[in-house]
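In the two assemblies presented below, subunit A is common to both, partnered first by subunit B and then by subunit C.
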Partner chain A sequence: MITLGSQGKNTFLEDVNLKSGANVLECYQCGKCVGTCPVSQYMDFPPREIMQMVKLGLRNECYMANSHWFCLTCSACSGRCPREIDIPAVMEAVRHLAIDENYINDSKKVKEIRKFHEIFLDMIKRYGRNYELRMMAEFNIRTRNLFKDMHLAPKALLKGKIPLGVKPLKSAKAIKRMFAIAEKLEKNK
Partner chain B sequence: MARVGVFVCFCGANIADYVDVPQVVEEVKRIKEVKFATEYKYMCSDPGQGMIRDAIIQYKLTSIVVAACSPRMHEKTFRKALSDAGMNPYLLEVANIREHSSWVHQKDKKAATNKAMDLCRMAVAKSIANEQLHEISVPVTKRALVIGGGIAGIQAALDIADARIPVVLVEKSPSIGGKMAQLDETFPTLDCAQCILTPKMVDVASHPYIELIPYAEVLELQGFVGNYKVKIKKKASYVNFKTCTGCGACWQKCPVKVPNEYNMGIDKRKAIYTPFPQAVPNKPVIDAENCTMLTKGKCGICKKVCLPGAIDYEMQDEIIEREIGAVVVATGYDMWDPTPYEEYGVGRFKDIITSLEFERMVSANGPTNGVPQRPSDGKVPKNVVFIKCVGSRDEAKGIEYCSKICCMYTTKHTILLHHKVHDSHAYVFYMDIRAAGKGYEEFVKKAQVDTGTTYLRGRVSKIYKKGDKLMVRGEDAQIGQVVEVEADLVVLATAVSAPKDNPELARLLGISYDKYGYLSEAHPKLRPVETAKAGIFLAGCTQAPKDIPETVSQASACAAKVCGLFSGDTMKKDPMVSTINNEYCSGCQNCVKVCPYGAIITDEVPVGHGIKDLRTVAKINEGVCQGCGSCVAICRSMAITLAGFTDPQIINEIVSI
Partner chain C sequence: MKKLTYFPGCSAHGTSEEFDSTLKLVLKTLDVELEDIPDWNCCGATSAHVMTENLALALPMRNLVLAEKLENTTMGIACASCYQRMKVTKVHMDENPELAKRINTTVVEEGTYKGTVDVKSMLQYAYEDIGLEIIKSKVTKPLTGLKVACYYGCLLTRPKNITKFDSPEYPVSMDQICEALGATATEFDYKTECCGASFSISNTEVVENLSGQILAMAKESGAHAIVVACPLCQSNLDMRQPDIEKKQGVKYDIPIFYFTQLMALAFGYPVDQLKFPKHIVAVEGALANIGKFQPVPEKVKKPIKAVEAESEDK
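Let's turn to the complex of A and B:
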């Protein structure tokens, strides 16, 4: 059960609004985002409920949800939102706040998703772009599921969807520098 | 010999799908008086009427039978077609083969056809005995009565009076203004209710065509449209309004304090009082139940301090009679009493108030100077929970219907709360947000986004006390979880209910009311301001819950209806009225007893045969008679004839089948 009215000001709403640039109060709970979202059925709280939880200031409940981890930021929801709310930005804001405050859903799925993100960023950092083959291999090794999706490999290879090598971007160095700056900022926070 | 023309309508497929129309035509053609019979797809259309007009002239017809829909639908249309062809319109008979046959016998086409043939035969037989009739002219008294001085009554009275028609406005409380005078600001524009209402109240008092009778009730209404007589009881105010200057010395000195109705009992008023500072008329009245001078004969202070000597303890109720032609009923509504909501602790917890109490608290001229306070300790509330649908849409404890205005006034309350207490937070428990109206949805958005009102979807299940807070428990269906709100104050959006005096008033006026006590309109869509009784109209919440813009629209619509009614010096009336044959009348007066309209009185006529003595006979006021036929049925000596439904006509009908 949730108790409202005792915690004073809704700082969670303010944090999310500030970080996302959206105004969650605009949400009138129509649920069009939920119908639109390709992954809402895998979320424990679909986007509409996340919006309401932000409105009610349910910080911990929101952080512990897996929804913001499942969000693909595909922006289909915000494209169809009648109040034009940037819902992916809200999801991202919740994700950032959850990491900042170390409240992370520790389910297997979320762990895998986080690993996927980490490996992806690592690829960008190294090559300035994605290296699909290495990304898949690393993901399978780090999630200890070596043969995951292996049956798809021959077909994808034949179609040229998985290049065997990678040609780093010319601007890879600049991207590396960006990472360095970002890491520095993160440390100084 | 009669020459009858019969016109059978297909009504598109409405009749033709279930009744074999050509067979009906063939059947009626076999009647020897029928000189012409035909069928058509839409008889009421212009070509259809043209067929009737042409046949009347071509076949020299003496009466017409149209077999079509109910006469309530198109009798007037076809009568006009007859007139256009130079024929007396009352020579028309309508055989209702739609509502009475095709629609109700859709499963048996043969039976439907047989019944349609019977109905046509009857109509033909009756029409043979039809006689030429002529419309009756009735004089009209061009004065309107408006019952109720809220915004509906005020608007109707002003609109009628502006058309230079005299109006008598009767209000039961000491001042006009009604519920709107108690409101602070109005949705969705947040206009100050007082600022827009009080000028109208003043206009009523100063209008040369309006006679304002406050502190009065309607006792009796007699007569008929255009010619009503009304008896009004003017309650004793114990203050002579003519000499009273409205100085206020009396109520300042009065020692008796009683709960103030205008402020929903939050503060006290005196036994001699004006309901509120802007009251119209701005003269005090003495509340006879609480005045110690009137109840125990002790005190008399007000009389001592009244310099003009306007106080009169001997004043009696006064009966006023007026002749009027039309009535506008605008008796408003009552707030529903939330006592049945025991799970909310209504009556047990002081900090639960109703919406009108909250309205008075946030009102600038209210008992708390516009700042809401907790009734228990007078503190300014920070967390306020508003509960919608208290009584509305609750078949178990309240009323089935939606009260229509609560969604919007609750939205307004959350905004007003924020205006008055900046660091407050409003929570609204709701089932739906019904914001259909100009600027209404935008207003709700304003509350949700700009004011930050939290809407929780669900009915509150219970309220309990925790320390000095009230814990309001319910579901928020938006996240599918139970929530509890720690509230300083709880405001119940109580339902709108019909005035409790409405059934009595309806009986007195001879109009009908629904199961909730709201007065019934003649047709829910096409005659929403008329009642079933001619000349009586409805404005405002007395018909159904509605907001101020709708109320004002309906009031103006009533005024238009009244002005239309009074547009001529006389009114035309159908000639289907009873007449009495004095030679047969025995003077038993049974007809006087059964007449539901009071249309029959007694008269004295010479006995005759050279005898000079007088004897009593019945006499019918044809202006009042509605042609119901009750007197015809009760008359033992068969002295009464109802035009259009004479004995030969009825007997012909019966014999024909």
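Let's turn to the complex of A and C:
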């Protein structure tokens, strides 16, 4: 599965640098990002290894890693990086390229993380704002885990922590139009 | 009377309603009038920028364009996540006019983006635009005796080149505000660690682990309570606390306040206006510490700087 060098017009390194605005070549593998990252223990490849894999052009391996799905974009790593590389932007670039080319890690966790984001975006598309209760319910149904967080529900609902409804935007059409145009922009890059 | 454009964010109507309502009380005392953005939309939060490039900029841009139609020069944002998405968009748009033009095509009907409105978090607004001296002057019921760990999370001060506010590693603005209210800010090393944020629902295990560490460190710092300025941090630390306690076999019992709740309390608002019943972890135990210790005589002025104040107490 190792693909060295270019696939299409650009090399993988060029693709990532262009998309992220960072220069991955500047990374000298000190590993400070790994020590800083709050979720590196959950990643297949911690940030330092992803950086090296980008340099080596390991496109498929990067795409299939779960690392860019676990990145919380907390920016702790980039704040401490001695080369001042925007590592979260690199993670994001790899993720967006992977989504574009339909290479997705199929572990249960990544599927759940992805499902959550899809449902969240769907809520915005429908209501213009987030509808928390419906989002949680849809997440439980679509991940086939009906009883997740159910023990928190009575207290949260009773205390008004999670409202029962949502007030949709007056200009709901504007949001739908925005989604449609953004989708087109996404395709004509 | 100062005027400020206000972006409450989706959570202000539910999860963080107590943030929204106490913020309004506090700003009333501080003589700031809020002007809502008409028909604002969700900023896209984490999900938009995780999944797509354009939507992550288009959703905040609509709000920025709408905010520019109001006359105020600053937009104050309650939610830390909304603040960051809006600020990131603003910085990118201002630096890259070509990108701005491209993204603007998604919100043509709302207007053209000009970049005339500054974006600030409410913490930043309270610290920079109102200032500690004025906050101090409005205190009628000092919170003397209450020890708090100020928790900023990732989004309020990072990335440094975007937020341009306080320190990304050891911020002190909230500590100084709490000290101005009479409380004591503890020396707390997990101020900017991540709570797990958007994994709250999709990856609860990570949140319980990360938030658990923050609770443990706050307890160790001697704090009676944690103070936050982010709805997601609050709900992760508060709502998930009983589960974390069960998992770790430890009893923390640390209530999680919004900094505006403590401000309103110190400004003399009655407790029943501060929405404490919305908290999952009861607040009474922590609040009982107020005035419990020997109050500091008025002549001995406490230094405002958080770290110094703590070491003097010892």
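Everything below uses one rule, namely that the second predicted complex is superposed on the first by the 165 of 189 C-alpha atoms of A that agree within 3 Å, B and C clash if a C-alpha of one lies under 4 Å from a C-alpha of the other, contacts with A are read in each partner's own complex, and residues count from 1 in each chain.
Here is the rule we use: contacts are C-beta pairs under 8 Å (C-beta built on N, C-alpha and C of every residue); 3 or more make two chains touch, one makes a residue touch a chain.
Since the model is a prediction, treat every value here as computed from it, not as a measurement.
Asks: Please indicate which partner A:L157 is in contact with in the superposed arrangement: first for subunit B, second for subunit C, both, or neither.
Replies: A:L157 sits against neither subunit B nor subunit C.
Asks: Could you look at A:E112 and tell me whether it touches subunit B, subunit C, both or neither (first, second, both, neither)?
Replies: second
Asks: Touch check for A:K55: first (subunit B), second (subunit C), both, or neither?
Replies: After superposition on chain A, A:K55 lies in contact with subunit B alone.
Asks: Contact-wise, after the overlay, does A:F45 reach subunit B, subunit C, both or neither (first, second, both, neither)?
Replies: first
Asks: Quick one: classify A:L25 as touching subunit B (first), subunit C (second), both or neither.
Replies: first
Asks: Considering only touches as defined above, state whether A:I141 meets subunit B (first), subunit C (second), both or neither.
Replies: After superposition on chain A, A:I141 lies in contact with neither partner.
Asks: Does subunit A have more residues touched by subunit B or by subunit C?
Replies: C
Asks: Find the residues of subunit A that appear in the contact set with subunit B and again in the contact set with subunit C.
Replies: none
Asks: So in the complex, which bits of subunit A are touching subunit B?
Replies: Those in contact with subunit B are residues 1-6, 10, 23, 25-26, 28-29, 45, 48-49, 52-53, 55-56, 58.
Asks: Which of the residues in subunit B come into contact with subunit A in the complex?
Replies: Listed in rising order, the residues of subunit B that touch subunit A are 383, 385, 425, 427, 445, 448-449, 452, 454, 457, 476, 478-487.
Asks: Provide the residue numbers of subunit A that touch subunit C in the complex, in ascending order.
Replies: These residues of subunit A touch subunit C: 38-39, 42, 70, 72-76, 78-79, 86, 88, 92, 95-96, 99, 109, 112-113, 115-118, 120-121, 123-124, 128-130, 132, 135-136, 139, 148-149, 152, 155-156, 159-163, 166-167, 169-171, 174-175, 177-179, 181-182, 185-186.
Asks: If we count contacts the way the header does, which residues on subunit C are in touch with subunit A in the complex?
Replies: Interface residues on the subunit C side: 10-11, 13-15, 17, 39, 41-42, 44-55, 58-59, 62, 102-103, 105-107, 109-110, 154-155, 158-160, 168-169, 192-194, 196-199, 201-204, 206, 210, 235, 239, 243, 277-280.
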